[in-house]
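Have a look at this one.
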Amino acid sequence: MPATEEEDAWVWNHIKAEAKRDAEAEPALASYLYSTILSHSSLDRSLSFHLGNKLCSSTLLSTLLYDLFLNAFSSDSNLRSAAIADLRAARERDPACVSYSHCLLNYKGFLSCQAHRVAHKLWTEARRPLALALSSRIADVFAVDIHPAAKIGKGILFDHATGVVVGETAVIGNNVSILHHVTLGGTGKVGGDRHPKIGDGVLIGAGATILGNVKIGEGAKIGAGSVVLIDVPPRTTAVGNPARLVGGKERPSKHEDVPGESMDHTSFISEWSDYII
Amino acid sequence: MPATEEEDAWVWNHIKAEAKRDAEAEPALASYLYSTILSHSSLDRSLSFHLGNKLCSSTLLSTLLYDLFLNAFSSDSNLRSAAIADLRAARERDPACVSYSHCLLNYKGFLSCQAHRVAHKLWTEARRPLALALSSRIADVFAVDIHPAAKIGKGILFDHATGVVVGETAVIGNNVSILHHVTLGGTGKVGGDRHPKIGDGVLIGAGATILGNVKIGEGAKIGAGSVVLIDVPPRTTAVGNPARLVGGKERPSKHEDVPGESMDHTSFISEWSDYII
Amino acid sequence: MPATEEEDAWVWNHIKAEAKRDAEAEPALASYLYSTILSHSSLDRSLSFHLGNKLCSSTLLSTLLYDLFLNAFSSDSNLRSAAIADLRAARERDPACVSYSHCLLNYKGFLSCQAHRVAHKLWTEARRPLALALSSRIADVFAVDIHPAAKIGKGILFDHATGVVVGETAVIGNNVSILHHVTLGGTGKVGGDRHPKIGDGVLIGAGATILGNVKIGEGAKIGAGSVVLIDVPPRTTAVGNPARLVGGKERPSKHEDVPGESMDHTSFISEWSDYII
Amino acid sequence: MPATEEEDAWVWNHIKAEAKRDAEAEPALASYLYSTILSHSSLDRSLSFHLGNKLCSSTLLSTLLYDLFLNAFSSDSNLRSAAIADLRAARERDPACVSYSHCLLNYKGFLSCQAHRVAHKLWTEARRPLALALSSRIADVFAVDIHPAAKIGKGILFDHATGVVVGETAVIGNNVSILHHVTLGGTGKVGGDRHPKIGDGVLIGAGATILGNVKIGEGAKIGAGSVVLIDVPPRTTAVGNPARLVGGKERPSKHEDVPGESMDHTSFISEWSDYII
Amino acid sequence: MPATEEEDAWVWNHIKAEAKRDAEAEPALASYLYSTILSHSSLDRSLSFHLGNKLCSSTLLSTLLYDLFLNAFSSDSNLRSAAIADLRAARERDPACVSYSHCLLNYKGFLSCQAHRVAHKLWTEARRPLALALSSRIADVFAVDIHPAAKIGKGILFDHATGVVVGETAVIGNNVSILHHVTLGGTGKVGGDRHPKIGDGVLIGAGATILGNVKIGEGAKIGAGSVVLIDVPPRTTAVGNPARLVGGKERPSKHEDVPGESMDHTSFISEWSDYII
Amino acid sequence: MPATEEEDAWVWNHIKAEAKRDAEAEPALASYLYSTILSHSSLDRSLSFHLGNKLCSSTLLSTLLYDLFLNAFSSDSNLRSAAIADLRAARERDPACVSYSHCLLNYKGFLSCQAHRVAHKLWTEARRPLALALSSRIADVFAVDIHPAAKIGKGILFDHATGVVVGETAVIGNNVSILHHVTLGGTGKVGGDRHPKIGDGVLIGAGATILGNVKIGEGAKIGAGSVVLIDVPPRTTAVGNPARLVGGKERPSKHEDVPGESMDHTSFISEWSDYII
């Protein structure tokens, strides 16, 4: 068994142990925990069951979606390893994430992202109407609107997630953390490559709007509520509406950490305040 | 058959042809496409079915809502022509909108708007508690919160739509494009005419907040993330928090295009940046 | 019967009278009004029924949730008096709130808040996995994401409510009004006390983002779209991105009213505009 | 308005008055009575709603069935007059039938029969797969299995109804009363006209099995539990397994009443006992 | 704690132990067992939950039914002791009943009988429309049609139960066993006391039809498929169509056992055959 | 590909062609036909989907049942070949069965039998509580009550099926036809081998009750409504209540055909009548 598979197995076993403990402590939740986690033989099945039941509607039945998800997860091991990486990301970066199972069951950002990956797989297999229908369900149920063509890396944390919009030609790297109400939007009615490219390790604060085919460099940080219409160099911070680089356009300040992982939302306050006022 | 009816028929036939093509290419989606589109004899019925099933709850049954929608669409041909105009708007202005049927089935902005028009009709017929209950379902299901008294023109694109809030005395003209998280809000606890009036052809960027009984002139443009508390003259652009007119309050720059249709979100970047910094 | 109980009874009787009147005027809504209000012997039961049916899913059945809510409301009279205070807050502060029953049935902010209070009670009773599962349902159904540990006072108006995010260590006082898309967020990945403390009578405008363990003083006002990273003294106003105090850091203007109750969103426009431009 | 229409209107008004009275007396049932009866403008709509919601499944949605029923009832006034005649039959012949609304809402025999008439209409319009799917739903939901080709008159009482089986070429006249577990079955694997023909005014007791293309004459009576493989002349009684005519094959006793209406199940006891023992 | 309560507690504990064992052995069933049994603090709650979810429909919600059942079970301890007696009856008399929990969860006869008792209670409290609506649900869901006015004792086994019909003025004693397709029917269209009275300890075989206000004496036995129109003296056996007493009308054979408990369906075969042929 | 697999493939292709034809002719049914048949790549998947959706409840979700069925069908090819044999049996023996797809979708006897086979497989694998829960769902939904331990051959036609009861130790051979309301029941409260053994090619008429560990020989025929408590030799006919052999106990008449296949229900009428009267 390769290292990754061992790791994946470790996480799944951990999830089952957590669910077991919680089911014993809380009978009112036991049925939920057994149906979503404890009755399943693998993370693939648990996720497929949970997503199928969350995303179904009267015209897209849970059995159809379950089948769709299970086929995708079974035939593409990248999907599972990405899910594991996302679980780890939530557990490590979000202090409110008290367990893997909490993320698996309750994080709409996590669930949206896993469902998106399946929609994206369908899109790349030229099953576009199905991919769009699935994305539409994610948008209805979780209020997370990611175009199925958008490319998303691993180790992603969509924290809170409500209101996230990611456009068709957007690309998101690995180990990125994106807060709620973040928009990676387009420039207008002309097609083609028109959405942001987010480098590895980027942190995008709540309510930030990034528009157009701009490049947010590796390890950059976008302040909450910013409106970004410019490229942001690696390891720099952009803040404000319109967003400007902290330290100035010419010689922006560089930070050492990987904000997508360190999740520091506010340490640039003083710097910023000084800069602006 | 008047020109408009021909046009309406053309769009409906187009939708059926698209759905037919997709059902043949994707068996997993065929059931969905037949139940929502291909089994229906008219756009009125298809929309009524789809909205009834999307918006129903355990206490507001789909059959009741279906009946309500079908009665409204059957008795008021303006509702259908407005729906057609909105379908065209999405198809023409949103490069991610690959087909009319994609919009009809999957765009929560489109569906919210059609359901709102029925709620508005109920409101004007003094069936207010029912209108409010319907609006509440739209807010729950699509996270789009439009007061049933708000007046909305034709050819509207609510793009992505999550988080849109439109207040009681707001008025939206024709051919307007409104991105997600846009608020047309009030001034406070006093009743009366207290919400924005949006002229024809206006474009409102993602996350913009417009508050109070202000007038956004024909063909104006509101930048993403702006907080607008002032009147915006026709064919000018307001940006920033608080929003100011590009080109200055006294002699703001005037643009030639109709931004609600041209959908240019970002060309004012350089101008703006120059203005601000 | 103590004064409060009389008051509570008055509101519940008022709600029943409103529902009775609406059921008679609108047969299409009568079934809904009977099932949610008129068939119940108390507000506790009506709310428990309504929340149970709104928040249930295929894996968390309505009967289980109904039981959970009813037990909580029956065993803790504070929950009911807080619900009454919130109903009054909506009725008094929101001119679009035409009746108590409208708020009870249709306001996702009101419903989210009542369900949160039950989740919070579970949290304090160390039933954390259940509290988190319930919060997750609130976030899915209403797009309102309040951590079950967050402490919330009475007389709260979450107006429109979509997109509200309230973090684990946040505290909200009494008589606070919070518009949609408001974030009371954390500072990053480190645990501990890291979210805002909102004083009594505060008004927070639409789309405002308040980050970190900052103190928003009693009766303060936060402008729409502001990004607040600083303490805001009592009865002052903070606006902008990043937010600054109206009147200046050193000697900010003080207002006399209680903005959380007076709901004045825009009277500071001129002041603000003068200050900035 | 012709006499029949007046009569139909009288029954419908009566039903509404009963439901109104019951809703006032029993709040727990009011929601049910409003949704099924009091919110509807006609018996057609009430029945279509009730049948649509009773017979729907996850793959045959209530909105589809509602539409199907409403179209049938609207385009064929015979269906409504037959329903009215059946309601009267239950009210007059069944002492346990305390009101028209009780029959409309709760009698699975009545509901099966109305749904069968629509299935039969579809069958005669060569929409056979749909007719069969509808019949299958009736069989699943009510345990009443009537082939859509079977012809059924008016003024029919299927009392209790569970387990009734009526074959493809069976014909049932007017004013017939049929108890539960009654079979009008075929002779075997050969097609063609192979099921019983039941004359007007016949009464068939519980659990009777009538097999083959036999003729049960007008006003005949079939004893409970009988197995009938022979023609039964008008106004005679057949009892036993195998069934024989009371009074003897050659000169059977003739009765004067119309058993399908007088519903006398047991007065032939002594006669029969005498005959047999 | 009185003896009965101890006994009741013993059965409930036994049920929980069985469910616990089965949940551990069969993860696929654990969710079901937790939601129906293991999450509940009493048999009353478990039964109310199970019946509410089994008998609900789109117009009679599970929460309403759950409430109705729980109120009934909480306010009338006879209902619980009768349920316990029925559980014991199934466990002792039916060799296919492998556990109490099997009966509680899966026996439609048991579930119909408990729901009937609540309907009967409503009937005696003059809540007749609700009682009839509940009986109608039992008839739809379980194909068991018991009029809410019928009086039923304790220690009842409805074995298999499908197709059982019990009329309005029927009375069933204690420790009775009734197989499927049994009818306790009326005499015709005249109201009043018109259904069978079944004594204690009676056994009624599959498919037996008993019509009219006849008296089936204590400890009598009715053969499968019999059609009974006569009184049957205590501890005698009636068989055939029409049913006659084994041993003859004048001096029928008397048996010593209590057939409702001993469940001997066939030992009278030779006797009977001798008698008839 | 072995002959059987070819045959199986032929039937599945035939089913798809029928469904395709019907979907084209009847748009209102197309969604149903696509979801149940046309979207599936195999009969296993189609059946699993259909059964999962038919048999699910709020506490046994369709995804769980779908998974259970699909695992069973995938791992045991006998289940599929038995299903094919049953489809053929219905098509050949029942003149009302107009197509294979009609049987697959609409015949509750066929569906009950396939679901029973899976329950039986679970029973033999010592997963008894799950097997019993599944059987209970079959009994609720289809009113067909087959103990999961009962052994059933191939080429079975349960015609109409409502009310069929088959006990724990019953055995049914191949090519048997069983009409509705047939009971294969036990002798009483003692466990052990206590139910009928039905030979190959037997035909059991509607409402027949066979009790005890009796042997119904190959090719025997049981008349409708019979109560059988004796062994019936091969190729003989038993009729009546109590059932006797046609032609007499000593030298019963022997027939040449296989009644389970020829389905001749009534040709023995004259013979029988002669015999009895």
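Going by the order they are written in, the chains are A, B, C, D, E and F; count residues from 1 in each one.
By definition in this document, a contact is a pair of C-beta atoms (placed from the backbone, for glycine too) under 8 Å apart; a residue touches a chain by one contact, two chains touch by 3 or more.
Being a predicted model, the structure only gives us computed values, none of them experimental.
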Quick check on the contact graph: shortest path length from subunit C to subunit E, in steps? 1
Report the chain whose CA-based centre is farthest from the CA-based centre of subunit E. B
Between 0 and 180 degrees and rounded to the nearest 5, what angle rotates subunit D's CA atoms onto those of subunit E? 120
Interface residue identity across copies subunit D, subunit F - same or different by half: different
Interchain centroid distance [CA atoms averaged], subunit A/subunit E, Å: 55
For the pair subunit C and subunit F, the C-alpha centroid-to-centroid distance in angstrom is 58
Once you find the CA centre of subunit E and the CA centre of subunit F, what distance in Å lies between them? 27
Going by the touch rule set out above, which residues of subunit A reach two or more other chains? 28, 31-32, 35, 39, 53, 58-59, 61-62, 64, 143, 162-163, 181, 207, 225-226, 241
Which positions of subunit D touch subunit C when the two form their complex? 23, 27-28, 30-32, 34-35, 38-39
Residue ranges of subunit B touching subunit C (in the complex, touch as defined): 57-60, 64, 68, 127-130, 132-133, 135-136, 139-140, 143, 145, 147, 162-163, 165, 167-168, 181, 183, 185-192, 194, 207, 209, 211-212, 225-227, 229-230, 241-242, 244
Give every residue of subunit F touching subunit A within the complex, in rising order. 31, 35, 39, 45, 49, 52-53, 59, 61-64, 66-67
Given the complex, residues on subunit C that touch subunit B span 22, 25-26, 28-29, 31-33, 35-36, 50, 53-54, 56, 62, 92-96, 98, 102, 105-108, 141-143, 160, 162-163, 179-181, 205-207, 223-226, 239-241, 261-267, 269, 272-273, 276-277
Which part of subunit D faces subunit A closely enough to touch in the complex? 58-59, 61
